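In the part that follows, the structures are each spelled out as structure tokens.
Presented sequentially are two complexes of subunit A, the first with subunit B as partner and the second with subunit C.
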Partner chain A sequence: MIRLLACGALATVQDRGRLGALRWGVGTAGAMDTLALAGGNLLVGNPDDAAGIEIQVPPFEIRFEVATTFAVTGADCALMLDGVPILPWTGARARAGAVLRLARRASPQAWGARSYLCVSGGIDVPVVLGSRATQLRGAIGGHQGRSLQAGDELPLGSPDLSPPVAGTGLVPPVVALPLAVDGLPALRVLPAAEYECYRPVSRAAFWGEPWRVTPQSDRYGFRLSGPTLTPLEPLELRSHGIVPGTIQVPHGGQPIVQMCDAQPSGGYPKIGTVIEADLWRLAQAPIGARIRFIETDWDGALAARDALDGWLSAARRALSYLRARSTA
Partner chain B sequence: MTSPLAHIPDLAAWLAASGLAELELRGPAGHVRLVRGRADAVTAAAPAPPAGPARDVVRSPGVGHFLSAHPLRPEPLVGPGDRIAAGQPVGLLRVGDLLVIVTAPVAATVIRVVAQEAALVGYGDSLVEIQPEG
Partner chain C sequence: MNRPIPLPPHAEAPDLAPCISLLGTTALLFEAPGETCLETQARIWSLAREADTWPEVREAVPGVNNLLVTWREPPRRLEAITGRLAAAWKAAPPLALAGRTVELPVVYGGEGGPHMADVVAHTGLSPDEIAEIHAAPLYPVYALGSHPGYCYLGGMDPRIATPRRKVPVLRIPGGAVSIGGAQTGVSASPGPSGWNTIGSTDMIFFDAARTPPALLQPGDSLRFRIAGVVR
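Showing the complex of A and B:
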């Protein structure tokens, strides 16, 4: 069990998402940066579907009530285990009673917007509709369907695998798999159903200009500001199914990228869709950051997904090798 | 148990073939340290600043490329004069996409980081000089 001693706003239990539930009108929820969660689960020897804690606003402080292995991945943050600094993206051993504290780093350039705490065995909250992910809108999943608060006690599952040697880390994917245009983080986008309905100058600006992440950006969606996107003629659509990554354009001409807590349907025109393999990059763009879009196609989107899978497979192999060597 | 002294010819041959600069074996029966090109190494070494008797060095736990900073951070983990706790990270070895964390064995003050950034280091290479707290 772990006990929360301090907790900023909107920390939630998340796994890789309530996959396959959109057909029931239930959103996917899950970690905004599923790659960071997957990396953390690898570092502590967890299966891919184990749940961790998504931390959006430090400080965050917990006490481990049992000795265990843990890792904090995703956004960089200042980490102290019993008062001794430790590193992100690294497996570490905690004794029973140890206190882990996450704080914002003094450097204003600290990378990322969301950190993930993974603990060996996973956060063992009940599975709801096939997932442990917290869906705040429906108040289901996670810990009592809500965001975490100080005083909460979270059960841990029993570890399936012996975790890798503590003191081993992963090169974060933002370093290993960088993607930028003119020095700005970039996302690959598939043109969507209404793309051709926009004026050519708007289409050119969509790819050619930077977009700023506005303060109206959260787990539901990221509202971006930039050049006004104008359709050739007014568009009226009936509500239809949408997925995380869908880029809608409301009447004001400023796009919204749907994220993992998005509702499963909407009626705004869609200019594009951020590919699944790049959603983690947007999830880690803090409010005020500027991003760029890169046009891609179906094959490009699949190649990007293969690259992520390749990174995870290589990390899994390397950590398994270390584990085998340390127990030999 | 045979004495390590009996194996010095073999050890010297391995050392010569390996490209390693130094080989050190410690065990209950004794302690052997073989250094290749000793005369060169001594003349090439920078004159050491005067130090207290307890100066120590953090050595590489394995093979990898030495990093003084975490890949997400521009600033080095430690610098001269920093007071560090036992177990605190002082450097990293990058092996592909893995990072091996090098930690301080004891509470200490950092004297200097001796390993070159991104240099390939091997087991036992000196990485960071420290002055353990007395």
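Showing the complex of A and C:
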């Protein structure tokens, strides 16, 4: 069990998402940066579907009630285990009673917006409709269907694998798989159904101009500000399914990228979709950040997926080698 | 590969051809041609049932005269599956779902219907007339979406159609009965909405512990009963 001693707003239990419940109107929820969650699970010897804690706002402080292995991945942050600094993206051993504190890192190089705590065995909240992910609307899954708060006690599952050697780290994907245009983080986009319905000048601006992540951005959606996107004529659509990454353009002409807690259906026109393989990059763009969009096609989007799979496979191989080597 | 994905040449004439587009590598959107109607929806249900059996498909989820198809693993070649969808659509008979009818008592107006006055102002009808017109039809459930347990309904009388609110309301309660444009629906849980809330009901539409978790499914029908009109 772990006990939360301090907890900023909007920390939630998340796994890779609730896949397969759209037919009941239930969205995916799940980690915004699924790659960071997957990396953290690898570092502590967890299966892919184990749940961790998504931390959006420091401070965050917990006490391990049992000795275990853990890792904090995702955004760069300042980590102290019993007052001793440790590194993110690195497996570490905690004794029973140890206190882990996560704070913002005061450095211009600090990267990211969301951190993930993975603990050996996973956060063992009940599986609801196939997932442990917290879906706030409808209060489904996670810890009592809500954000975490100080005083909460979270059960841990039993680990399948002995965790890899403590002190083993991964090169974060932001370093291993960089993507930028004119020095700004970039996201690849597949044009969607209404792309051709926008004025040529709007389409050119969509690809050519930077977009700012506004303060009205959260797990539901990222509202961007930039040039106004104008359709050739007003568009009225029937309600239809959408997915995380879908870029809707409401009547004001400022796009909203739907994220993990978005409604699973909508009616606004869609200019494109941030590809699945780049959603983690957007998830880690803080409020106020500027980003760029890059047009891609089906083959390009699949190649980007393959690159992520490649990074995960290499990490998995390296960690299983170290595990085998250390227990031999 | 962009925008509406071009369909193979054997597809129907352009005005009768469905539109297939990408939602990244997560899903495809299949949109039926023509005016929104129940017969087309019944063919969408049929297509959903068919596509749900394909191994690469995680879920085939009806929308309003359209279908979302999500992947277990995105196919390497898109043309094969878009061609298959188009062919399956051509062959799809309307699927008559033997749905249940659920009756929903609604208190119209008052505290539970804070925007009744806006619908009155827009339509020129009285709250009693609005309640009567709203409670008259049997509403078919076209699809589920928006939030857990929420139903997209067909069949509202256009006389009470009222535009969505200019400024969405940050939180309307679960059970809120509302009108947005030519559509009506009932919120299954509290949340933001741009629709006009004209009444309220106590029905529980979603319970994750129940199997299935949603009270209603496509093909079911909803009838509103006037439990009261607060003037």
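The criterion applied here is as follows: the second predicted complex is superposed on the first by the 326 of 328 C-alpha atoms of A that agree within 3 Å, B and C clash if a C-alpha of one lies under 4 Å from a C-alpha of the other, contacts with A are read in each partner's own complex, and residues count from 1 in each chain.
FYI, contacts are C-beta pairs under 8 Å (C-beta built on N, C-alpha and C of every residue); 3 or more make two chains touch, one makes a residue touch a chain.
Everything numeric in this text was worked out from a predicted model, so none of it was measured.
Under the clash rule set out above, the superposition-derived model of subunit A with subunit B and subunit C shows the two partners fitting side by side.
Taking the C-alpha centre of subunit A as the vertex, the lines to the centres of subunit B and subunit C open to an angle of 170 degrees, rounded to the nearest 10. Partner contacting the larger number of subunit A residues, of subunit B and subunit C: C. In the superposition on chain A, A:L322 makes contact with subunit B only, while subunit C stays out of contact range. Touch criterion met: A:G241 reaches subunit C, while subunit B stays clear of it. Once the two complexes are overlaid on the shared chain, A:T214 sits clear of subunit B and of subunit C alike. By the touch criterion defined above, A:W298 reaches subunit C but does not reach subunit B. In the overlay built on the shared chain, the residue A:W111 is in contact with subunit B alone; subunit C does not reach it.
In the superposed model, A:S225 lies in contact with neither subunit B nor subunit C.
In the superposition on chain A, A:G83 makes contact with subunit B only, while subunit C stays out of contact range. Note on the superposed arrangement: subunit B and subunit C approach each other to a least C-alpha distance of 26 Å. Residues of subunit A that lie in the contact sets of both subunit B and subunit C are absent, per the superposition on chain A.
Within the complex formed with subunit A, the residues of subunit C that make contact are 1-4, 19, 21-27, 29, 31, 36, 58-59, 61, 63-68, 70, 74, 76, 78, 143-150, 152, 183, 188-191, 206, 208, 212-214. Subunit A makes touch with subunit C in their complex at residues 19-27, 128-129, 135, 137-141, 190-193, 195-196, 238-246, 263-266, 270, 273-277, 297-299, 301-302, 305. Subunit B meets subunit A in the complex at residues 70-75, 77, 85-89, 92, 94-101, 103. Residue ranges of subunit A in contact with subunit B, taken from their complex: 76, 83-90, 107, 109-112, 167-172, 174-176, 311, 314-315, 318-319, 322.
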